[in-house]
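The chains carry the letters A, B and C, assigned in the order they are written, with residues numbered from 1 in each.
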Amino acid sequence: MNIKEKIIEKVLALCALITILTTVGIIGVLLVEAVGFFREVSIIDFLTGTEWTPLFADKNYGILPLVSGTLLTTFIAIGVALPVGLTIAIYLNEYAPKRFKKVLKPLLEVLAVVPTVVYGFFALMIVTPFLKLFITDLSGFNALSPGIVMGIMIIPFVSSLSEDALAAVPDSLRQASYGMGSTRFQTAFRVMVPAASSGIMVSIILALSRAIGETMIVAIAAGQTPVFTFDPTVPIETITAYIVKVSSGDVPQGTVAYQTIFAAGITLFVVTFILNNISFWIKNRYQEKYE
Amino acid sequence: MGIIASISGIVVLAIFIGFVIYMGIQRLSWDFIVQLPSRFAEESGIYTAWMGTVWIMVFTTLISFPLGVGAGIYLEEYARQNRWSMFLEINISNLASVPSIIYGLLGLGVFVRMMQMGNSILAGALTLSLLILPIIIVSTREAIKAVPSSIRDASNALGASKWQTIWHQILPASFGGILTGVILALSRAIGETAPLIVVGALVYVPFAPQNPLDEFTVLPVQIYNWVSRPQEEFIINAAAAIIVLLGITFIMNGIAVYLRNKWQSKMEW
Amino acid sequence: MDSEITSQQPKTSQVETKPKLNPNNRSFKLQAKNVDVFYDDFQAIKDISLDIVENSITAFIGPSGCGKSTFLRLFNRMNDNIDGFQMNGEIRIDNKNIYDESIKVEELRKRVGMVFQKPNPFPKSIYENVAYGLRIQGVKDEDYIENRVIESLKQATLYSEIEDSLDKQALALSGGQQQRLCIARALAVKPSVILMDEPTSALDPISSGKIEDLIHELKKEFTIVIVTHNMQQAARVSDNTAFLYMGNLVEYGDTQKIFTNPKKDRTQNYITGRFG
């Protein structure tokens, strides 16, 4: 009996250990291949080069074009998701009647459950043609359209995290503001939002990390042309889209071209890892503040 | 203004979906469901794709469900509050926000190449399992936490061992919550595209897979394949396949929400 | 007021065991010997020794936070899983130290049943609630289980009320019925000791009365220890009473004596309602 209990505990512990192995596996795989890559390519060239042509005869391994493409789509997405998401959070927390809130929240979640490949289709087939009506020299592939669609996708992400942050602000603060004769609007923007600022920061950072790692929307609608530019109307390529492009073809293992996807992957991993940990750090400090 | 912002995203999504239905409904037919892919758009169907999706989902469930629930039980019931469990917890929330394509690279490096599974269903299912493991673990823990501690006390006081208490009391009482989390996680897995492309699902598969070591493709990858072609007919195919994929995703989420509501009302002792 | 009380720390918490606690020279069922309990740095129980005789009802009283529940839970080791719990001294049942390494906690708890403050039936049928203790012991004989279930329900004076609905969800019962179900559940595994942690505090007066009658009945077969914050209840049901204050055992003795003629001022103050 006692032995059975011990075995069960060990088996369960093993399940939990899988998560550690996953992390070790991710870091291991990325490092091993990336080290092979950096034997061929200097890390300085990689980080500062403005040309990315590993699949061409004239090979260049500067990641900056992919980085610029990633940042461009990410900032467009945040530009959409932040104002809308934050407005929703404030509205839900300060204005919305309870009933309406109960309907609205699950509806918002629907935005997050639509598969990203479907959003990619939307960006390519609907948003880009629509934007062309206003921006005539918009290219068929561009950063603007997938950026906007990605922004729509992460609205519930921003709104629910921000709403949690707003809800965590003690009610006494709101009462105090009303007590001094503030309007609802003043209370929301002068008192509640500043008080919840660290939680809102967390939601922005996590949204950033999410947008940077998003793949299918940009792979479908942003193009596969790595150029170092911040022009949202021309075709670009993000880090993630590059990995998809190479994986779609048949690149033999062991070649530098094969290793590039791991070098690109480790760049992505490091950036999102740092962002996630910044958000942890803020979250911990912020939780202490209210306890 | 708040209302406008709140519903804007939903309205836009509704327009998108309406557009897709308008575009794809003409192509949606029984033939489309049961036909193999073809060079000619009009003759192409999604048979291999949804069969691949079924295979992948079955194996992903078989792998991720016991592992995730097991890890959740361990963290909630066994792990002591110390640095090690803190580390486990931080690690899990970190994994939850690792981009899915990175899991694809992990699967490519470990399952496809190192363990020599090739571009197989097994490799794909293992990759997706690791991807959704954090979601299952977190929801399992939430569900277990919601079981009142008085139940645990009562069982312990009758001389039940730890595992007896977990097996006979905690798990039955939290099952609804666990199931909800697992279904939500699986509905996420069913739409995942990027990691499966990286482990090699974007291949021409002429037949439906027969065993877990066969090559495969899945619905979202098939959609990507069609979207990236220039011909209008393939785009229409993609729209039709999207209707199917969205249908499955929404149904799964609907079931999860229904279960959650039912379970929550039951949990008010 | 309060500081005045706390300033008069008793010099010693040792209380000699009076012979009248053990009128017929019955053996001691439960014994505590120089017990200290710590939760990390906080000392919850301070050097308490006391003996409880077989087939008696003993009440632990005292203001909330005095350690009476902690003390009660020592007898079936329910404190073991609390973080930072640490204990010195000995708790003996039938003259065996239950904190000895050779003792299996699960076995101990089969012999020492417990009833909690809030009724806590499992979210299962009435029948399965009572059968649970037997099932986890590996009893497979369904006839025996059924016998025990019915017998225990009768013993807990619940059977006549629910005779026809043993398959009903336990959570559908009223609060008082739920608590008697919890008692039946404890009885089903034939313990010799029953610990009760404020068993009526969540119930209405009528349900409480039924439970008190039941406790009185059970005394014939079981040794019962009850924690209560209700002084009248302690006076009504118990043979002996122990008054705890801030982790110390202030006074322990015959219930009649404690309530009519307490030796210590602090006990007097408490039972007359001047504090706590």
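By our rule, a contact is a pair of C-beta atoms (placed from the backbone, for glycine too) under 8 Å apart; a residue touches a chain by one contact, two chains touch by 3 or more.
This is a predicted model, so every value here is computed, not measured.
Chemist: Could you give the fewest steps needed to travel from chain A to chain C through chains in contact?
Modeler: Tracing touching chains, the least step count from chain A to chain C comes to 2.
Chemist: Among the chains, which one keeps its Cα centre farthest from the Cα centre of chain A?
Modeler: With centres defined by C-alpha atoms, farthest from chain A sits C.
Chemist: When you average C-alpha coordinates per chain, which one falls nearest the overall C-alpha average? Tell me, please.
Modeler: Closest to the centre of all protein C-alpha atoms: chain B.
Chemist: Counting C-beta pairs in contact, which chain pair has more, A-B or B-C?
Modeler: The greater number of contacts lies at A-B.
Chemist: How big is the gap, in whole Å, between where the Cα atoms of chain A centre and where those of chain C centre?
Modeler: 56
Chemist: If you average the CA atoms of chain A and of chain B, how many Å lie between those two points?
Modeler: Their C-alpha centroids are separated by 19 Å.
Chemist: Could you put a whole-Å number on the gap between the CA centroids of chain B and chain C?
Modeler: 49
Chemist: Would you pick out the residues of chain B that each touch at least 2 other chains?
Modeler: Answer for chain B, listing residues that touch two or more other chains: 161.
Chemist: Report the residues of chain A in contact with chain B in the complex, numbered from low to high.
Modeler: Residue positions touching the partner: 1, 4-5, 8-9, 11-16, 18-20, 22-23, 25-26, 28-30, 32-33, 83-84, 87-88, 90-92, 95-96, 104, 106-108, 110-111, 113-118, 120-122, 124-126, 152, 155-156, 206, 209-210, 212-216, 219-220, 240, 243-244, 247-248, 253, 261-262, 265, 268-269, 272-273, 276-277, 280.
Chemist: Looking at the complex, which residues from chain C come into contact with chain B?
Modeler: Residues in contact with chain B: 76, 78, 81, 83, 106-110, 113-114, 116, 118, 120-124, 132-133, 135-137, 171, 182, 185-186, 189.
Chemist: Which chain B residues qualify as touching chain A in the complex?
Modeler: 1-3, 5-10, 12-13, 15-16, 19-20, 23, 66-68, 70-71, 73-75, 78-79, 88, 90-95, 97-106, 108-110, 113, 130, 133-134, 137, 161-163, 187-188, 190-194, 197-198, 200, 202, 220-221, 223-224, 227-228, 235, 238-239, 242, 245-246, 249-250, 253, 257
Chemist: Once bound in the complex, which stretches of chain B touch chain C?
Modeler: Touch residues, chain B against chain C: 81, 148, 150-151, 153-161, 164, 168-169, 172-173, 266, 269.
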